[in-house]
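Per-chain numbering from 1; labels A, B, C and D assigned in written order.
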């Protein structure tokens, strides 16, 4: 999901956290040293002591500091052992069984209600309580978020770790409810340490230099992020917005450092051109929907001239799908399209095919035009370096690719769910109540943009008056709201 | 629990909240007006719409604003109907039954773990999710805290409301975990609006005037409170501390506005003389333990001369117990004590008792000294207005009352739990790891102090080096750490 | 000048400062102790050391701390000696004489310019530099402001002290230029310590209780003050504003704590009902003009419905003038007025006058109606307790007093300057470009209001579009802009 | 003064200001548009209107906004015309002459005092008042600071502009008194916009990259700056400090980004390695002395282990002096030194000198060893690229250069003032009460370091206990405190 990017490696994040750790390490040492009993007790015994409440709740929290310290000092094997020990504090089957009996024996609603409450408590594994005890240590919430990031990597099929991960997710979902988050504007007067993190977390359109960054925070730009009160220096998700005249159709133009500055009060359009999730450990807890709508409201209040709120989004799955569809469906290209493509990229002189050999891709027998000839030609064209700079070629490719992209966005579905758009970014914005508005040619001619979506990008339009209806249409019936032109294009009437 | 006071009526709090409401009302109106569909739908339909996610999560949250509005606009009956409707969104018995079956059919730990997780989800009533949706509205967290205060009053035997109350408590306990709270110092440069709340919430030793308040915030005093980031103007609990020389033995002296100011850097003792819980809706979610220990740590770091950390606490149950014990146990007073008391308060000339009448209290037949004669005398003495100002009388009463009080604190237990001190304030501090240090004569001669504890107060000592052990002794074995002198007194060796 | 009040005694301020002193005293001690050489040197020697720059500029500043300490520790005599010593560091007559010669010898503009600059330097007394050295000590600026307050009291005819005072004034005027001040809103969430000062400084309409204060800071009120960055807890001047519907005509109604709250967004009028200077030591350095205009701009931007900006001001000199005018000018009252007054308050039965005695005031020979009979009647009526509650009487008095007041405000001039309004508050607002808008009957029925202005108050209107012209009219030509009705009234056409 | 660097060109600063201008331009426009009368009036007429107080003081300030706007919109010629017009508002010679008469006619001290005060007022040119009116406009103080920077460039011999510059300097000196400045720490969490300015203003050791900058703000570094409340985003002067073990002797080592991080609590020495003045317009108003001493105090309080406070300073005038001295004084080098140098750099084979030609530098006739032979050799050696990397050469050069440098710092004086050290950085630190502590070989091997001081740097030691005495010794008697080893070296006993 490259619009709502979760960087897969996040070397920066780990680096950042390790630096922060040095800072908190001594604080933890101080807390830990207040605890009676030594580290020699073993991880599990220490966890048990936390749960026993031995020495009182304050002591338990100090013990948690020591546990955190040991986890962080450990190597990967040690950390896994730590997670397994923690996951082992599961609910007691006996207690659960007895509580189930009581639910089943309940004679009326009141009894059942009480028995169910008891059952819920019995099902709450002790490890949940232990996890909570980490909140009090300095940077403890960040510690737990990173712990979950580790679990997501490590759980991989292990049911016990998966259960621990699920517990931790439920805790984090409760604490990171959007009601508890702060929306803050980020600009060039924000702390350099925060801006440095932005650079690390931006995965949609990489920030190359401080000058690039500064340009994205200039007076005709806006950047907003959600923060949690207990992780005040760590953005959770951020969005970059450009205030422009008219719908933006090229990300390179948006990011051009030499482009003249626009007086933002004269802008009529706000373009959301990059949204990034920053914390792997919060995967599956969604903020993007709220972020976009709060920012729309903020901008609308600040700039009375703004009429249009839209994204300029990547189409990360387009080329992958196209490759697949070209192979599967001979009728994907119309005859006219196939001819035009072949004219632009005639097949290479055929090598004499070894007898009986099946014709490989790209090697149709000359003279007869097989249905896949256009597909081959398309592949050849897209494989040419710098094809997007060849104006003649562009003329041939633009109508074909734009039509196919419209079809991909409007008509292609997730193989597991026919109501769901195949493209993950499209799914995200459609779920939020946006409309597919415009497909832009040569909109992202970076190496990645060309590779993933043949340079195409799409605008999703957020129309405050229609958001609810569109959301209902899509979530309820799988209908995908789109501009008329796009709808016609997708049906092949373009 | 008058040390950890929860004002029962809290007229101020309600007043404060209602004022704040006026401020947020228009914000809520704005949010609510963004929702399609009218108020005529009925509360339950609206709640269902919230849960359906109709129009998306952002819409649901706007709907919550309207619901909050309607609750607050309603009268008591309407509010109760609201709570019942909300409580009605219980978990689905069918789903629970099926989930139980799956748990019972599980063949190994992994299957059971997964099935249990599913069961937990099935047991989570939809109303929980609905409650969470209130977090996003302005002052929504405070709204929920007040909702629980209402539920605690209203639940009273109603199992459905009790279940809703328990759900809400679990949510609040998660959000108000001490790790998420801010400890802030309050002083005379704090906002007047906050100080006004302090006046409303102080229930141990009422603040009478702004001058009284200012005196409590002077340079030789400290006041600290916990706050939640989403209720930044609402203290959750606060503690008042006096920095003094030597252990304080009189609260009137501590609160004397004309007492000279001490240079706090010369103080050797920090006296915690008032701790107040402010939010009825957070009853049962404890902060006091953490508050005291964090404040001990802060003060210790700021003032190197501080050697002793102790409370000056009320003994709210003493007189009630004494009354009861005097009636129950003829040997409560020694003979010598009884004689001394009778000498100070000889029985009134007996009226000729109506025949066959049982001798009423205070009316022993003259001439024969019944075992309860001393008890009667004690009652008579304590009933005299201004007895504490009569020095001769004080000489007689002091040893008797002090001994009985030591016994009450050190030896008397909660009828339902022999390990637990009968006095609630004693129980609180002993659970925290404090030691019963000293009983103070004429320590609180306010009308309330005389009525509840015959003017006695007690110091609980927090010795950082012993807190864990003391906690263990008390919580584990019911042992009550106390100064030697008090222990001897309680055994009657005083 | 009771609108722009400078409390004459200011016991609060002195108290406040002395408290603050305790706080800074130890800081000063620390600075002072860093200075070589002892206090035994004598004030003058120490001052000389400051000026010599002995030990460097940092040392000089430490020495200033010791000097400040000694001044504050001294009694009145000691403080005066301090001021005299300081004033003694005057410019060197020799140097001045030589510099004058050079000016007189200058042959062209360039030479003269250079010589004049040198002369200016020669005229700058060393004490100026010494005063500047106090800025670095904690609360040093406040120290200098208070020093000037002392000088203003003490200078009284002493030319040397007067010169020192003038030097200090010029320094303070430079530092307290309005460009360096912060305009801050004060409300109920401001620090209690600041609000306490407001109570001390409010001299126009005394704040009686915290409840009264809170009412003045409620949501339909505004309070703004100027602060200096180096005296962040000390307001310099503040204004209280009520947001109301229609021009306010009674200060008691404005201050009524039980009056219903108005939604400020519905207000059409902002009434400035109290302006107070807080620092005697800044007398003659004016902020009021800027304060009013900045607040007008702020309020206008916040509340779009506001159409009218006006004061509700006292008329502190009215009764004093009236008394004087009634004695001087027999024709002040018209015959009709005199008759009406006499009818309402017939002369007391005359005592037989001692022979040859001049008829005292209030003792006209019966039978003949002297021109001053009306005047006497007027005096008698105003001397009656509670006259303003007697409706019949009010009917008689209202037209007379209103007319006379219009004349006082519009036509009476300062004896020393015919262009200047006799009433000091009128002069202040007219200089600022305001217009005399309306005279209000029974507008301030407090004891002070009745005594000073027979209960009358006046609205001065600030019309942003006319401020400059009105200012020019008044300052340039002595014309006093006023509403037509008032102008007619003043001419006796009312 | 390259330690206390004032960048000569400051392209950054001008750039920064121009950017800020765009921000304030519209605010100024708004203010200006409130003024009656148009721009067509001409600069001088507008200035006169400001001074007349036409329309009141608030109007005058609005007019100032328009004047500022016009100045900034003008080209260099227009700006000069502006400055000349402003300078033209000089004091009135008539008034001055009359005031002088009064001074001369004064018969006693009181009269003279009053007359002098009047004379001072008469000498205050109206332009001073006009300059003050710029304080109220947004960024007005920065405007004035930049105006003075312009004047310093432009005044150049023009007595009127010089007088205006002097007036402005006196205003700025009063407003920027150190007592009004805020000392703030700058670190990696400071606003990026501020850090960007640091990069622009650092002129002693240029900051090359953001990584270099981050390294200078790491946990074992400190950076402090003075700010003025009205220029909160503009540092006035800043100092960079490294916390290290032992006296630092190489700036390249200090700035090495790969050097391991030291726990600052273990450091025993604070090295001030760069001090930069940021505002050309504040030239001659000194903050450096205060800055160093306040930072010494702050660091001493934060890090108890710090024992030594010293600089690592450039010696900007050394090579220039050396070149000069070698030419002037044949005995500057001892015979032994000269021999050693010649051995390392034998003279090149002599070209046959043209007859009668004076031997040019570096061309002594072969065979006879002139006294300047060593000097020539020294020059040749220093002219070799990379000489400092040649260990054998270093052995020859180190004792010679170190000795000469000691002599330069300790014994060479400013030609115009024998008490003043010839080196400007030495003079700055000696005036502050520092001691010359150690000369460091190969301490700054940057191109600039080699060129200016042959790679040498010097530590000046700030010993809090001796600062006052050292200051006195130097300022009073011209004595230069130095470590014994250096004193012996300077006398040639090294």
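The rule is simple: a residue touches a chain if its C-beta (ideal position, glycine included) is under 8 Å from a C-beta of that chain, and two chains touch if they have at least 3 such contacts.
All values derive from a computational prediction rather than experimental measurement.
S.K.: From the centre of chain C, which chain's CA centre is farthest?
M.R.: Checked the centroid distances; the maximum from chain C is A.
S.K.: Please compute the C-alpha centroid of chain B, do the same for chain D, then give the distance between them in whole Å.
M.R.: 64
S.K.: Once you find the CA centre of chain A and the CA centre of chain B, what distance in Å lies between them?
M.R.: Centre separation, chain A to chain B: 46 Å.
S.K.: Could you state the distance in Å from the CA-based centre of chain A to that of chain D?
M.R.: 52
S.K.: Residues of chain B that touch two or more other chains: which are they?
M.R.: Residues: none.
S.K.: For the protein chains shown, what form does their contact graph take: line, ring, star, complete or other?
M.R.: ring
S.K.: Chain pairs that touch, all of them, please.
M.R.: A-B, A-D, B-C, C-D
S.K.: For chain B, which residues are in contact with chain C within the complex?
M.R.: 23, 188-196, 210, 214, 219, 233
S.K.: Which of the residues in chain C come into contact with chain D in the complex?
M.R.: By the definition above, chain C touches chain D via 36, 53-59, 61, 90-91, 93, 96, 100, 103-104, 109-114, 116-117, 119-120, 123-124, 132, 134-137, 140-141, 159-160, 162-163, 166, 171, 174-175, 177-180, 229-230, 289-290, 293, 431-433, 467-469, 471-472, 475.
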